[in-house]
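The structure appears right after this line, and notes come after that.
Labels run A, B, C and D following the written order; every chain starts at residue 1.
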């Protein structure tokens, strides 16, 4: 008797949160969980252009181990993620500091912020085309045209430094993300902290080091982690910029899974690569979770 | 520090030195900003110029001003035989796509964010962890699986289907941001509402929602921007020209690398970007809100 | 409305703010203050009365009716929050009318009543403003008006004056008292300011670590603190404490203070052992100390600080290793560093056990002639 | 607690599945024929819209035919021109087919029929071979439409990939008019070999008559594989239905590109350039030879590639450029080209197979072919169309029609895409000087073994 009453009470008490979460959960189940299950199943098939589910055991994973491209792709993935992340976070921080602390004039800050937002709000196709035009190795490339004005021979950029190119192009986009987050964090530091520091005779450097950085520690960690995961799993810009080439010099794991699935139509193999990626990404999230102590953010409800 | 106690005679000298010292960081700041921003300015300036000229001499010098590249605004562009759909259809579709996406995203995100931030129920921690981790999934690698699902739902080749997919892919992030805003609403306010005679649900929409308006604004902007520039999903799951959006329109222009009309492409690109740019300038204050409170929310 | 808390327990995931077996009755029309250091559970208790928290165990009665599971909206209470918790997106009038709106009071009547409530707190001229355009004191009044507009049976005040300046505080204190008396409403106020509690409340409940330490009228608290904790908590400036020793020898009782021995024959402390020496604190309120040597005990000390307060001078004196305060006549010439002698009547001294904090004098002073003596002093 | 989450999730899954299931059922089967109008949908990719408009014109004829037969049916062609890369186009078809939204007619380059047939996407069209409309198809072309012993598509067009040479540069070098005009003929006879071509390019670059000797396409494509055939190799073995790695031919192929790059005859980093800039270099006379396609004439007329003239017409192209076959590898050997015929394939699930097939017969009409050929610079597939006076008198096309005799095709096997991707990587490696031809060949073999597995046959 008592137990059933408790249950009914419990259900009534918990029905509202579940009701509010329902659309969210339904979307996630349909468009995350089911696809993940499908991908996981698909990774054990040799589905090709005929889109048939023919199971082939762990062949795809064996193939991945034998794939001569794999070591270089993994190396590229690491280099790409590491350096782009560095640009994203460090340069984003520099931009945030410059546009929201050093430049006190709101209009100038806004101007620079807007310019830096351009890469982000440009359609990827357009942004990448601009890069391609800029760095085209023919004498007609923008950079080469500029070099020609000062009598320098045309240089070539993308194919000799494909990794640098994808890191820079992605870095510029990611930097604006950091910039926005950091700018707003810096702007939310109480003005009197800066005044106090100045009264105490702090140098600019020490204001940055001792006041701003500690105050935006959280956003810093957040951006680092968010971008890490994003970079690990995104490939749109690489696809458009170098297509992973020349050869596999700028191919990263996520792009490889796309290429395998949608260019050579090896859906099974592509899914297997995706699955590996998912596992890696999950591993990272778990580590970050530990390091961050994410639990702190989960306050409990204060209404009963 | 010691300067304060120095004799007054010395003061002017110190002042001039410190004036320079004080300026140096600013000089460096503007310098760095200027140099690093230059390439971006050049790139987009080039885009602007090439949209208004027939040809770019040596790649950089515009020759002959023309509005020809902007003709898509008043006619349906015809390129080597094929007539492209009206840009206004594409604009309208993009608008509908981004708009519906935003509305869905906000409604679902706000509901979920509130439940996660403010309510106690079994499984809450689990769902929060899941939300946080979901964005780690290489969603684009799920494309093929998403196709099977859309197909099963009969939503292949419909804007609605893509809207649902896109909403789902973004909802963990949106819910998380919104949750952050809810976290910052003082409990007092909510308690006051309860005591003043509201039930939990009523408190939510009469008191809490109006307070997190800046958060809703920020999320709306994010969603709208994301919707406006979405490409891959639309490109993969939408076929008919009736459902063309600006991004797929743009893709049409560059589909054949032999035939790209760069002037036209530049003009359409600008046309595509301008609303977003204006939108950003007017809403950037709200966008900045996202990490108010030390970025806890994000 | 009479509110009864019976064996209430409340636990949280974290350690602080828990309530441990609380028993308390608040009579109809009574103004009760909950006082205690932060984390002592006073706010938790109030929120349980409000219905925002539900007790883990124990029962809560409103006029004899069990209300444990009643939602806040059904309890007919009004509440003023420390932060005022004004709805930032509504005007003053809408804020005040909000509870009535929830009761589906017709619009005209709603605004009529809201205006009346606003007039009651002298806010009639600010009705169209938004909370952000108001000063702290004005916001406070809006919150108060909102709490009383629906004519609740209980008024809950959570640190209502902690954000006000000293002058406004006194003003609001009076205001709240006046309104409470006018409406004849049961009121419960949480505060960490003992003075606020003493001046406004009919009864004060002192809490510590989730337990009720003492629950009585302000004067009783002042004069008969149950233990060391209450004694040092109540009174401004706080009671002076001198470290000392209590010796019981053959039924005779003495305590040593400042190199003098004081006999306690007429004021036998409640102590069981007949042969013992105990560390105690001897507490004397600053107002009970006088210059001179006429009293039962004398203390020699060196003046370390003199603070004029207008109507008197507060003097800090170093006695041995202890520091004590007393009030001197403003005309009296007292200088820093000078040696002075202070005196006090034996009846004004409280003795506290150093270990348990228990007031050893309470029992004796509680009965017989000495009672009068203490009150008079 | 865990349990409740789990049960909730499973409940939601079931609910979602149920919901979506309902939706699927409610989606009614679209009935095509109302008022006797039958809609036949067709997809094409790229700018050559005549592939679609010809179908529409053919449908008019079909309607007349139906009327005269007294049938109460009218055919309406619903065209859709797709834009995007070829793999996107293929992917879209794949997905649409699974969703039941694929068109009745799918216009595709011939080499895709491998996977289209293997995946049961399209139906065999063997009977077309016997129809009178296709009776005079150049026999070699049927190879392009055949896979696994069946014909899988109606031949739509053909083209040629000639080598363009810049007449002005040769003039500058001291060649006279006759010598310049005779070059294609010399190539055809096998007198002018690939080596001669390289030497000539070297001379031109050395003397500074042109910046570059040779330019090829900057992205992966079919062109590169004619060298394989040129060096006596093969790409596909019909008897085992396998892709072939012919190591000696591929080795020579890679060595040729290596040589071009080492001798600096190619623009540096050609393989990372934009198409646009490649066209500009060619049109502005910066290179002597260009491994192009006949449709480039069409491209150059459509954009401002020339620094002074902007768009250039076919007449200008013919005055300034000559077109020849890819010269033979050895003296007296056979020159070569490669073509890439397009096919009309028919959806295996089409509701109107007979009408569609008849439509495809009618679209082979010589006049329609000529219309397409002239507009987009392609070659006819039937003799009658080749004899069409309008076609024959065309300045550009008339001159190169003979190239069809020397043409070769890519294999139709599904695995060829993978082969081609791997080869492209090796080509980049040698042109960038990152690998020698031997190393490139070695890594190519390793990669192909993984990628193709059982579908690969290695020929030393």
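Some notes on this structure:
In the analysis below, contacts are C-beta pairs under 8 Å (C-beta built on N, C-alpha and C of every residue); 3 or more make two chains touch, one makes a residue touch a chain.
The shown structure was predicted, so the numbers you read here are calculated from the model rather than taken from an experiment.
Shared contact partners of subunit A and subunit D are B. A count of contacting C-beta pairs for A-B and for B-C identifies A-B as the more extensively joined pair.
Compared with subunit B, the chain whose C-alpha mean position is the greatest distance off is C. Inter-chain centre distance (subunit C to subunit D, centres taken as mean C-alpha positions): 91 Å. Computed from the mean C-alpha positions, the centre of subunit A lies at a distance of 14 Å from the centre of subunit B. For the pair subunit A and subunit C, the distance between mean C-alpha positions equals 56 Å. Looking at subunit C, residues 52 sit in touch with two or more other chains.
In subunit A, the residues that touch at least two other chains are 18, 25, 30, 34, 133, 140-141, 262, 300, 302-304. Within subunit B, contacts with two or more other chains are made by residues 122, 127, 148, 191, 194, 251.
Those residues of subunit D lying in contact with subunit A across their complex are 8-9, 12-13, 15-16, 20, 87-88, 90-91, 94, 98, 115-116, 118-121, 267-274, 276-278, 280-281, 414, 417-418, 421, 425-426, 428-429, 432, 434, 443, 446-447, 450-451, 453. Those residues of subunit D that touch subunit B in the shared complex are 1-2, 4-5, 8, 20-21, 23-24, 27, 45-50, 53, 80-81, 83-85, 88, 91-92, 95-96, 98-99, 101, 219, 274-276, 279, 295-296, 298-299, 302-304, 307, 310, 375.
Remark: subunit B residues 186, 188-189, 191-199, 202, 207, 210-211, 213 touch subunit C in the complex. If you check the complex, the residues on subunit B that touch subunit A are 1, 3, 22, 25-26, 29-30, 32-33, 36-37, 39-44, 46-47, 58-60, 107-109, 111-112, 114-122, 124-125, 127-130, 132-146, 148-149, 164-165, 167-169, 171-172, 175, 183, 187, 190-191, 194, 200-201, 225, 229, 231-232, 246-247, 250-251, 254, 265, 269, 272-273, 276-277, 280-281, 284, 287-296, 298.
The touching residues of subunit A, counted against subunit B in their complex, run 13-14, 16-18, 20-21, 23-25, 27-28, 30-32, 34-36, 38-39, 42, 91, 94-95, 97-99, 102-103, 110, 112-119, 121-126, 129-131, 133-134, 139-142, 144-146, 148, 172, 180-185, 187-188, 201, 204-205, 215-216, 218-219, 222, 226, 229-230, 232-236, 254, 257-258, 261-262, 267, 270-271, 273-274, 277-278, 281-282, 284-285, 289, 294, 297-304.
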